[in-house]
Amino acid sequence: MAELVLSEIFKAYGATPILEGFSATIRSGQFVSLLGPSGCGKTTVLRIVAGLEAVTGGRVEIDGEDVTRLPPERRDIAMMFQSYALLPHLSAAENVRFPLRMRSIAGREEQRQRVREALDTVRLGPLADRKPSQLSGGQQQRVALARAVVSKPKVLLLDEPLSNLDARLREDMQVELVEIHKTLGLTTLFVTHDQEEALSLSDRVILLNQGKIEQEGAPKAIYSAPQTRFASSFLGAANLLPGTIETAGLVRLEDGQSIALPSTVNARGPVTLMIRQEDVEVIPEGTEGLVAQVRARIYLGARSRHIVSLAGTEVRALGAGDRDFPAGSRVSLRISPDRIQILAATSVEN
Amino acid sequence: QSITINSFGGAYEEAHRACIIDPFTEATGADVQIVTAYSADAFAQLRAQKEAPQFDVIHFSGGQEIVGAQEGLLAPIDPASLENADDLYDFAKENLAAGEGPAYSIASIGLLYNTETAPQAPTAWKDLVGGVYGDRLVLTDIANGYGMLGFLMINQVSGGSIDNIQPGLDAVAGLLDDGALIVNTSPEIQQEFAQNDAVIAAYASDYAYTLRKAGLPVKFVQGVEGTPASFITVNLVAGRVNEELALKFIDISISKEAQECFANALRYTPTNATVELSEEVAADVAYGPEAVAGLIRFDPITIEANRSAWVDAWNRTIAR
Amino acid sequence: MVSAVPAAWRVAGWIFVIAIGIFLLGPLVVVIGVSLSESQFIAFPPQGLSLKWYQAVLTDERYLSSAWISLRLALLVTCAATLIGGAAAIAIHRRSLPGSQALATLFLSPLILPTIIFAIGMLMFWSAVFGPLTFLTLAIGHLMICIPYVVRTTTAVLADADPFLEEAARTMGASRLQRLWHVVVPQCLPGLAVSAFFCFNISFDEAVLSLFLRHPGLTTLPVRIYGQLEFSPDPSVAAVSSIMIGITVILLVVIDRILGIHRISAT
Amino acid sequence: MTDRRENLILILPGLLLLCVAFFLPILRMLALSVEGEDGRTLAHFQRFLGDAFYLGVLWRTVRLSLIITFVCAVVGFPMAYIMARSSARVRLWLIVMVILPLMTSVVVRTFGWMVVLSRNGIIPELARDMGLAGRSFTLMQTESAIVIGMVQVLLPFMVLTILSVLSRIDGRLEEAARTMGCTFIQTVRAVVLPLALPGITAGAILVFTLSASSFITPSLLGGSRIQVLAASIYRSVTQTLDWPFAAAQSVILFSGILLVLIPYIRQQSRHRG
Amino acid sequence: MAELVLSEIFKAYGATPILEGFSATIRSGQFVSLLGPSGCGKTTVLRIVAGLEAVTGGRVEIDGEDVTRLPPERRDIAMMFQSYALLPHLSAAENVRFPLRMRSIAGREEQRQRVREALDTVRLGPLADRKPSQLSGGQQQRVALARAVVSKPKVLLLDEPLSNLDARLREDMQVELVEIHKTLGLTTLFVTHDQEEALSLSDRVILLNQGKIEQEGAPKAIYSAPQTRFASSFLGAANLLPGTIETAGLVRLEDGQSIALPSTVNARGPVTLMIRQEDVEVIPEGTEGLVAQVRARIYLGARSRHIVSLAGTEVRALGAGDRDFPAGSRVSLRISPDRIQILAATSVEN
């Protein structure tokens, strides 16, 4: 049980600023994931929480205690490194046992016990005695994961813990993680690139961009109501359509076609419409809907993505896997008004 | 035209140049290559290079010439081929035929003591073992040529003989119990005198002079029981091409002028009967037939025969 | 911030370093002191100050020629040893040769046997087979006692190298030589740098081999110093040492200024 | 060209040189060890091994070498670690500091020690003034003197070897350890030390062999009353001119050292495996 | 242009066999992805193709030439390592330039040019002079990717090239990869954990399990018609329902409810039904469909997953993000017969 508070964190490597006034509060037992483009500073945030990086400014608190100057080992945290950082001279089991030994948690026998359990949860029981160099990428990653969770710390920091695991294993691991998090009520800060992972696992999502928080909130909120252009385009790569509102509830696109808006809207002038891929339904050309042309179709198994050109802009539509309109064919797009979000023309710029 | 010799380095080498080498070069026009090597090292080199020796003439101060002769590393010398041979005392040219070169100077071993700090000025070897000097007495390891002679002398005055060194060993053991120090090399003697107020040591006359030149108040006395002598020989190396040059060099080494020069420079006792020395110099060396006759020479053959065993025994005695 | 070292430990560390410093440098202070002494003999504290011994050394053409010989020798040996030893070390590290561990030990043997035995053996062997000694003889002698250092340090440095790097280079078409040069060498650079230094120092300070494997034209500095000490020990030897100390410091600093040893020592 | 051939080519120059320029001569020398007046003999070995005195010398040699190695390791590792962690500039000066002793001719250096250790030396004087010792108290010509003097010269071999290994360790490992609750010192013990092991081993091997086979410093600081094997060998070669015995002693020294080394070398290979 | 043929490859690390008779043919210019659970031997396959691992048996051919014994540098391939294997002492740009220098491709100037381009395609232009240690995980991965493609080799081997990139960047990179692959017609062997990635990018998918090929074929085929239980459960984690066919076209589940089958089926007896998550539609409880109870609902943003229990077995349903039935509620499941696959009871065992 630990509340984690980061306030006004500044961090720069030499001249290049990485974090510029990053603030976040993670309530005890919360599972928060950190999303953001590559190189935006996610790992840096974790390292600062862990106490591995000295901050240029700001303070870190755990349970109300200022730990900004506290060395890592004095903070009750566990961190899984993006590069695993397994100790090459120790076997998988010894690596997992390491934090227990160092924190002298439990007696020899129980340590063994817990190590065995941890390794089993990551499905590596049989390989316990291998040296890291004898493990595959994914196996190494799982050892690192086991090592991070085994000591049941107050705060758990995970840096892309599942990036090298296949879909099925990843799902299992996600379940395990949730389990652990639930049962132990760890405060967890989770960095991932897999949006669905982030959205499905976490209580809250923090969207980081260029060292600043773009948006944060509950998964659903952040996904369905992105506040900035970045947020919208980063999460689920939504379509952005330029247009003009002339008569209430109707947007005229550049090619003259028009889309109905939710009745609530009564703005005027140039706007940008934000429409999620999955909210664009591709149907056979007909009277209904907007006319568009299929540029390409990408098979994704469970679903398929059509890239169509609508009013000169490229629009992506994500639909059931069986929907199949060949490239070049003309189709209609059905978009239900209440799924359309409006970014005022001004906000387009930011 | 050149020959290769060994010399003992430092001041010795300078004197060597001045008194022998330069005259030789003048006389013959041949130049001399010097390897600075102490007897032991030089001999080791000579022996190892048996197949292709690099020395033409080699100097020894520790009796190595005897072994060298036995092993045929050195070439016999016909006295007739040396003009100055006749002027030499006999003992200096005994085994020319065997291959042992002539002795061209003698280091006489006596007592070095610090004239200022010594509780009493020694006169005899007995004084050494008297226990007067306690831990300010410096002995020299018998691995060192001079050390060997010094020890044999101590042995003698302690009632031993060249066939029985036990008394000597016991005496040494006693001295060590009093805290006497054993050193291996001459520099250490100097350091003991300069640094650690050692007051007395059994060593060579020439070194006393070196120390004095270095500014230490050290005097050299010959023990009344006699003065063991270490012969410095100049030997002809076997299996080299330009023999007559080498012989010429040896000849000059034993010449009157050379030896006077040497005695003046380093206080070595000449082996050439015709040498004339000044008072001051004469005081430091054994000068004149009777003085020279007074020199003790422990039978080098026996020494060589027993060296290994003695060193062994010595080591055991002194080992901590 | 790996160096999140508790203050207490920092302090302890510095005290430790200073203590070691005193231990290492104390005697050298004495040496320098002696070299400044007026008096004829080696004594401390120096009696009166003068630079005459430096003058004596720097004007004594025999010291200078010996120093020159030693320098040439050391440089040659250093280069050769680092090359040959480094190559051997890499080969041993890769472990593709049978009994590479035995090989490693083999390369150590010149260290294990007292130099004098090697010296005599070399002398006998050389004069029996090749006849008169040459500069080369001594160089080879030194080479043999230097290579072990190179092999040891370099294999040690390579021990925890990332095996993938070389493989990656191969998939990128790096020929064997390129691989060595662009991937392996950078990895063992610290080792090579250190062992190069060792070699230079060993060769420059080595006395026993130099004592036996020399000929009139070939007297190295250490041998010269012994010759001096044996017969007329005076502070000049201390002056020589002091000069060497000075040169070392200056050299290191200069080299550092120019191409930055600290970068090498930091790799 | 196969990898094996490449490595062969890499190692060949060294190997050839080693065989031609080292083993041939050395064997020629060591062959003497079994030569007596009348043909082959083990007399020289018997003389050594059958003699408590020489066995004592051998034992002292090994013992001292081990002590020296131990001291060097204990002092050298922290030293190296401090160097590795300090700024480049500081590191440079520390390196200078560590290697300077190597730069003085051994005899001169020994004199330095003499000034510090012998009767009128600084340390005994101190001891005397504090009434800890009598007038004749001296550290010269004691085993302590040998250890002290040898450590001073051999330390750089240990420190620099370890340093070169430390400088290649991935810092993230230490960080990871810290996040797993290692205190600074635990990190050093549980992570740095094991990873530096190859360096420590290599350094130890160098130091051990060097101290076991060096004779000048021991015989100057230890005096002839405290003999080590190498000195005794030197003596047999140059003074008593008993080369066969010298050879025999060398063979014994060689095998002695090898015996001590093998486990080390094993350890290193295991680490790399 | 190069055809890659692996025939009967055997590989073992010490005693443990990794590949047991792996055979595959990759036609010139094909883009083949290698799918499989963590530790199944994917990397090993790549390493063997690259010539980094000696095989215990079998042969590798490139363009009909047997290269089994050929050293890597003599094969015109490029490989991207799972652990990047960037040269630490070289900057990003130098790393990318490395293969060009080694293969001495093009002159200095052009090399620079190509390096610049490569770095730009992976969006790292500005960081060209950074050392790997100064780059974030994803940035390092992109450097490795750039380094792999810059030399335009015959055969391109990619080991999870995008695992550390965020969704948007990953999509861009996928596009770039396809571009490169199209324009240069490289033969590409691609290891990934992201199924949609595999399905969308590749001409052919090889499904690897325990060192053997489970199934291979076109993405669509392999996804919609898995032949083994493993294949079906690994790809898109399909639901497996035990049941018995009594009357033609009808399967009785254990709780007595029955599902209609495609008319074509006329088998009898116990069977296992394979139904994909996205083919199970969750609808409000009513007359139609099968009765089930919601266990959990997982929000995935664009879609949402319901885990319901049907006839005692756990069934996963993947539907639009807005579908939301709270846990515990009773619902109906609609499953269209033609989406049901039948694994004969026998084949259940394998």
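Worth pointing out:
A, B, C, D and E label the chains in the order they appear, each numbered from 1.
By definition in this document, a contact is a pair of C-beta atoms (placed from the backbone, for glycine too) under 8 Å apart; a residue touches a chain by one contact, two chains touch by 3 or more.
As the structure is a prediction and not an experimental result, all values here were calculated from the model.
When chain pairs are compared by contacting C-beta pairs, C-D ranks highest. With centres computed as the average of Cα coordinates, no chain lies farther from chain E than B. Centroids built from CA atoms put chain D at 57 Å from chain A. Taking each chain's centre as the average of its CA atoms, chain B and chain D sit 36 Å apart.
Contact with two or more other chains is made by residues 71, 83 of chain E.
Shared interface positions of chain B, defined as residues touching 2 or more other chains, are 41, 44, 187, 191, 195.
In chain D, 3, 107, 111, 115, 175, 178, 183-184, 195, 237-238, 243, 271 are the positions where the chain touches two or more neighbouring chains simultaneously. On the chain C side of its complex with chain D, the touching residues are 2-6, 9, 13, 16-17, 20-21, 23-31, 34, 42, 44, 84-85, 87-88, 90-97, 101, 103-118, 120-122, 124-126, 140-141, 143-144, 147-149, 151-153, 155-157, 159-161, 176, 187, 190-191, 193-194, 197-198, 201, 205, 207-208, 221-222, 225-226, 229, 237-238, 240-241, 244-245, 247-249, 252-253, 256, 260-263, 265-267. Those residues of chain B lying in contact with chain C across their complex are 4, 8-13, 33-38, 41, 44-45, 48-54, 185-187, 190-191, 194-195, 210-211, 213-216.
Residues 13, 35-39, 43, 82-83, 134-139, 142, 159-160, 163-171, 193-196, 199-200, 219-220, 223-224, 233-237, 276-278, 298-303, 305, 318, 320-321 of chain A touch chain E in their complex. Every residue of chain B that touches chain D in the complex is listed here, in rising order: 40-41, 43-44, 47, 64, 67, 134-135, 141, 143-144, 176, 179, 181-184, 187-188, 191, 195-197, 307-308, 311-312, 315-316, 318-320.
Here chain D touches chain B in the complex through residues 53, 56, 107, 111, 114-115, 118-120, 135-136, 141, 219-220, 223-227, 232, 235, 237-243, 245, going by the rule given at the top.
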